[in-house]
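Each structure below is given as structure tokens.
Paired with chain B in one complex and with chain C in the other, chain A is shared by the two complexes that follow.
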Partner chain A sequence: MSERREPLLSIKDLRVTFRTRTESVRAVDGVSFDVYPGETLGVVGESGSGKSVTMLSVLRLIPPSTRVVASGQVLFGGKDLLQASKREIRRIRGRHIALIPQDPMTCLDPVLRVGRQVREAIQAHENVAAAEAHRRGVQLLETVGIPEPERHYAQFPHEYSGGMRQRAMIAMGMANAPSLLIADEPTTALDVTIQAQIMDVLRAAQRETRASMVLISHDLGLIAEMADRVVVMYAGHVVESADVQTIFSSPRHPYTLGLIGSLPQTTGNEKWLRPIPGSPPDLADVPSGCPFHPRCFLSRGREICRVTRPELRSLGTGEHRSACHFVAELEGASALPAGELHEGAGR
Partner chain B sequence: MSSISAVGEAPAAPEATRTSLRKLRTFARNKGAMIGIFILLALAFAAIFARLLTPYDPTAQDLSSAFLAPSLAHPFGTDDLGQDILARIMYGGRYTLAIGVVAVSIAAIIGVPLGLISGYVGGATDMVIQRITDILLSFNPFLLALVLVAVFGVGIQTVTIAAGIGVIPQFIRLARGQALSLREEVYVEAAIAFGESSLAILRRHVLRNALTPILVYATLNIGVTILVAAGLGFLGLGVQPPTPEWGTMLGTARSFIFKASYQLTFPGLTIFLAVLSFNLVGDGLRDAFDPSLRE
Partner chain C sequence: MSGFLTYLVRRLVAAVITLLGVILVMVLLVRALPGDPARIIAGLQATPEQVEQVRLSMGLDQPVPVQYWRYLVNLAHGSLGTSARFGTSVLSEIAHRLPYTIVLAVFGTLFGAIFGIALGVLAATHKGRWADAFGSMLGVAGISMPVYWLGILLIVLFSVKLRLLPIGGADTLSSLVMPTITLGVFSMAVVSRMTRSTMLDTLDQDYVRTVRAKGVAEWVAVRHALRNAFIPILTVIGLQFGTLLGGAVLTETVFSWPGIGQLLVQSINNRDFPLVQGIVFVFAAMFIVLNIITDLLYSVVDPRVRLYR
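Let's turn to the complex of A and B:
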């Protein structure tokens, strides 16, 4: 991971603020990370941690208005996407960066045949004749493992199951061989038995197009299986980033530790799940200093956690970064027995 | 939704096919709508096959048989020029029904795109289109048509266009509302994320999904445009005699209301039945296909 490569996508100090009449919600607060060619980057965090908003901002799918303010830089192919014209950003959407949305049940238009929608994904960026687009559409459906692609090509979305719809969305995502696929919780809406199949399809799609992938998820198991590197987000901040082995073997942020600790154990001697105490902060009222300090077992009421926001600092080993004042105290921490993690967290 | 995903990879049941069948059945069970359809079909049949159904020429004057009360030879009587009223009503259906349908089509063709753009694009575009709509809406459709006819002159084309313009704002409002809600749909957002142009999204996704309520609304508005056209005819500003348009017939006959009231009764009843039927059918379609539009 340490060889110097040109990042494909570089997010620099991204801030996204939603304004309402009475308050201002900072959903993304100074997020920076890179996505390298060919890799799979997992973005992990609880609901409301800003992971989806970050990736939607990359494609400018949260339209800037008086109510939404985005600042920072999103560099892709040497261009700042936040400054790109509407025309430029439209050429990038689907063509160079494709988003595979979260809920496959609602993302296909119910009145149009699936094949037509796949065909349109192709024709949105390429001037191809209908017959040629049809042929490629059927081929795409076959690639994503839809049986009898020719027949299903002519069907309506309501004739598809959830898994098939997600496959169709992936087909549309890879239609133009983009260099970056963003999968926003691609399996949350699906049955567990289908999840593994869909992840296989995503992996195949990535292999086929040699694309990078950003996988947004709160499912650590999925991340462990799919990702090369992981970015952990909390309350609109990146709190830790490292390659996937490091994150799971030696996490260096109490929040990451808590996330891993809260996974169900399959060894059988654990009776209860170990949740992180408390709940994610209200983004309109993020705690001062380190946003995680009220829930942190490590802080123990120390003043610096309440007062100063920790910077995301390199830990010296490769690309491992953490934003914790007391990262030194986590030295040697590994997949800790979850019980120890939460001692003293009740205060 | 989740119940479908639980089915796994097996294709979901064709629920939409079943729901559209159910909607058709709801519509077919609606007595009012069925009566309306029956009357409309009868009127259309009479208009189309008028030549076969009546021996009289609707514009042939025969002053020797003027002011004849209804009889077997002239079931609806004859008018002041000796023209057979039944024949005139049958042939007149060609004009009145056509004016209604064409006027609403004009209104929909102009109003729907404006409304869709207004709702989908929003911002200043929306503002401008909506203020123009407000101005149009502040006139009663009949009054608006009256002004237009006064400016552009009488005649079947002018009347049709004028009656159509009167209901344009209704279509703008309806289409705008549809676009406002449809642009929040995930599949529209997905289409944006795939880089489709706004025009393509409007045409393929928004218009297609807004079509059902628009068709329902169009049916309801045919009645309105028929009334406007007939009203203009009554005032002598519509289709000109001797063309047998129902409103025009009413207008000519009103001078003889005490002498030969049947001359008004039959065209009046026909207008009433036609408008009522379009409303019944429109209501039935609305209840079956788009219950959310019910007030």
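Let's turn to the complex of A and C:
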């Protein structure tokens, strides 16, 4: 996507901190990125890196009972969603930005028929008579590939399989033809055989509504396949961003290299797996300087990594940005071409 | 539907067995009285002839199994025996008074349920703010306030000072107000606590987030959360209705409400054992039926609940 275009969504220096009685969890710590019209932006990173919290903050959907502090800007349609009134944010939710959540098993109201929940999504923004809403609801279920939509419309969530629930969630998400779909690991909770089907449905939904999509995933294979651009997150920070080709062919951050290297790959006849050593930091106690330094192969104990937090800087080549003091030493490092990844990555 | 019938029959059989146990305990209790039960029932002033009369008429000369059997045979003929005091049928005494108690218990339950749920929802949606604090204050007050004390407080305020409501009796609809409040305040407190804690949980659930993500008004999300909180709330309401029958004893005494609670107190004072037994039996039967109804309601509220398979 061209950099000249106006972004649809622009996140600027977003910080989200959860306060508990004893500690402060900095789940998102100065995240900035843009989403352009029509594109699919992949957001990757290990569990707990702040992917969900970032995107939930966009819609201000962090559970209201938590003590949470958010700062920064989330610009959408010329408005800062963090400052918008309750009324304004309600008009955005579902209508302009829709959420397709991580776990379809827990995301449908168990005591209401699915059809009624789909209808609710339609009627939230449009004054539609019940019969018309019903007709459109059944049609939506059909669009996302639910068999016998009329019958399933009247069923309860517990009568649905996991894949069907996720289809229903997608139906609700596309009900108002939003301009942005946020898909938070839409397939993680599902059977491997179902995952590909669900991604097809999601792609079709995106095509139909011509929406942009933010696709959160652990699954680099899926990202390689779906995304136009990629944002890599670590411990509440963006550590690298670039278009999808660049990310996979010439990553410029040790963490991204590690992520790609930790994929199960086939080199010759040998399968090998090289996980990143160590584990993600405790967000209540993030390492000083570069948050990745305790696990970084490149740092080799150099002081600046422990002391100074690296800025996310442009590498001069298009949109490619990286937050590493020694990015120059990665010059020429390559992982593998995205094409090769498709077959290698276990999905 | 045949699955449902099997379920119902199973529950009813269990209910009958429970009631058989209740009757056995009652028969044994009369036996367990120190001294001669016939003399106790007939009273200290009674002549020996009168005592013998009581002994015969109550079957106290018979061994326990025979008494038990007689009670059951009577019951099968629709009789709960004869009141030792009034000489009338126990059943008709109870039938006279029962409607008053049921009306009171229903109103008390409704009061507790409506205000309890409302308070609980208010507290949960305003967690940590003054509405929450106010709600929990009312809750603590409601749970710890003795019925007698609250009843007298209300009488002093509304009858003596303001002269708005009658002190007691059951003559007009306004007579119902104070007994309802007195009886309902406790269950209001219990229901509001349960509602608050369950709602705090359901309001944070993913499916409520889904509802909010649709862009509906917050009260719609609250409604989803409440609907999902209903099972535990319904359970305490069902249990409360049972304890309300007991609470009716005190409330009816304070407000001279002519229900079976009052009758129970009177018949204990009169040592009218057949009447006491009859009332206890009816209380037990009602409690069991209520439990069955509550369980049936679960499956109405939550489509995942299958009572039978």
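Here is the rule we use: the second predicted complex is superposed on the first by the 321 of 347 C-alpha atoms of A that agree within 3 Å, B and C clash if a C-alpha of one lies under 4 Å from a C-alpha of the other, contacts with A are read in each partner's own complex, and residues count from 1 in each chain.
Criterion: contacts are C-beta pairs under 8 Å (C-beta built on N, C-alpha and C of every residue); 3 or more make two chains touch, one makes a residue touch a chain.
Quick caveat: nothing in here was measured; it's all calculated off a predicted structure.
With chain A as the common reference, chain B cannot sit beside chain C without a clash.
In the superposed model, A:Arg90 makes contact with both chain B and chain C.
By the touch criterion defined above, A:Arg306 lies against neither chain B nor chain C after alignment on the C-alpha atoms of chain A.
Chain A is touched at more residues by one of its partners, and among chain B and chain C that partner is B. Applying the stated contact rule after C-alpha superposition, one finds that A:Tyr160 touches chain B and leaves chain C untouched. Contact with neither chain B nor chain C is seen for A:Arg203 once the two complexes are overlaid on the shared chain.
In the superposition on chain A, A:Ala189 makes contact with chain B only, while chain C stays out of contact range. Legend: residue contacts after superposition of the two complexes on their common chain; A:Asp103 is shown touching both chain B and chain C.
After overlaying the two complexes on the shared chain, residue contacts for A:Arg19 are found with neither chain B nor chain C. Of the two partner chains placed by superposition, A:His218 touches none, neither chain B nor chain C.
Aligning on the C-alpha atoms of chain A brings chain C into conflict with chain B at a single listed stretch, 7-15, out of 7-15, 25-33 or 61-69. Across the superposed pair, chain B and chain C both touch chain A at residues 59, 61, 90-95, 98-99, 101, 103, 106-112, 120-121, 124-125, 156, 158, 169, 172.
Per the touch definition, chain A reaches chain C in the complex via residues 59, 61, 63-65, 86, 90-95, 98-99, 101, 103, 106-112, 117, 120-121, 124-125, 156, 158, 169, 172. By the touch criterion stated above, chain A contacts chain B in their complex at residues 59, 61, 90-95, 98-99, 101, 103, 105-112, 120-121, 124-125, 155-156, 158-164, 169, 172-173, 175, 189-191, 193-194, 197. Every residue of chain C that touches chain A in the complex is listed here, in rising order: 127, 200, 203-218, 220, 224, 227-228, 230, 301-304. Looking at the complex, you find that chain B touches chain A at residues 1-2, 4-12, 14-16, 185-187, 189-197, 200, 204-205, 208-209.
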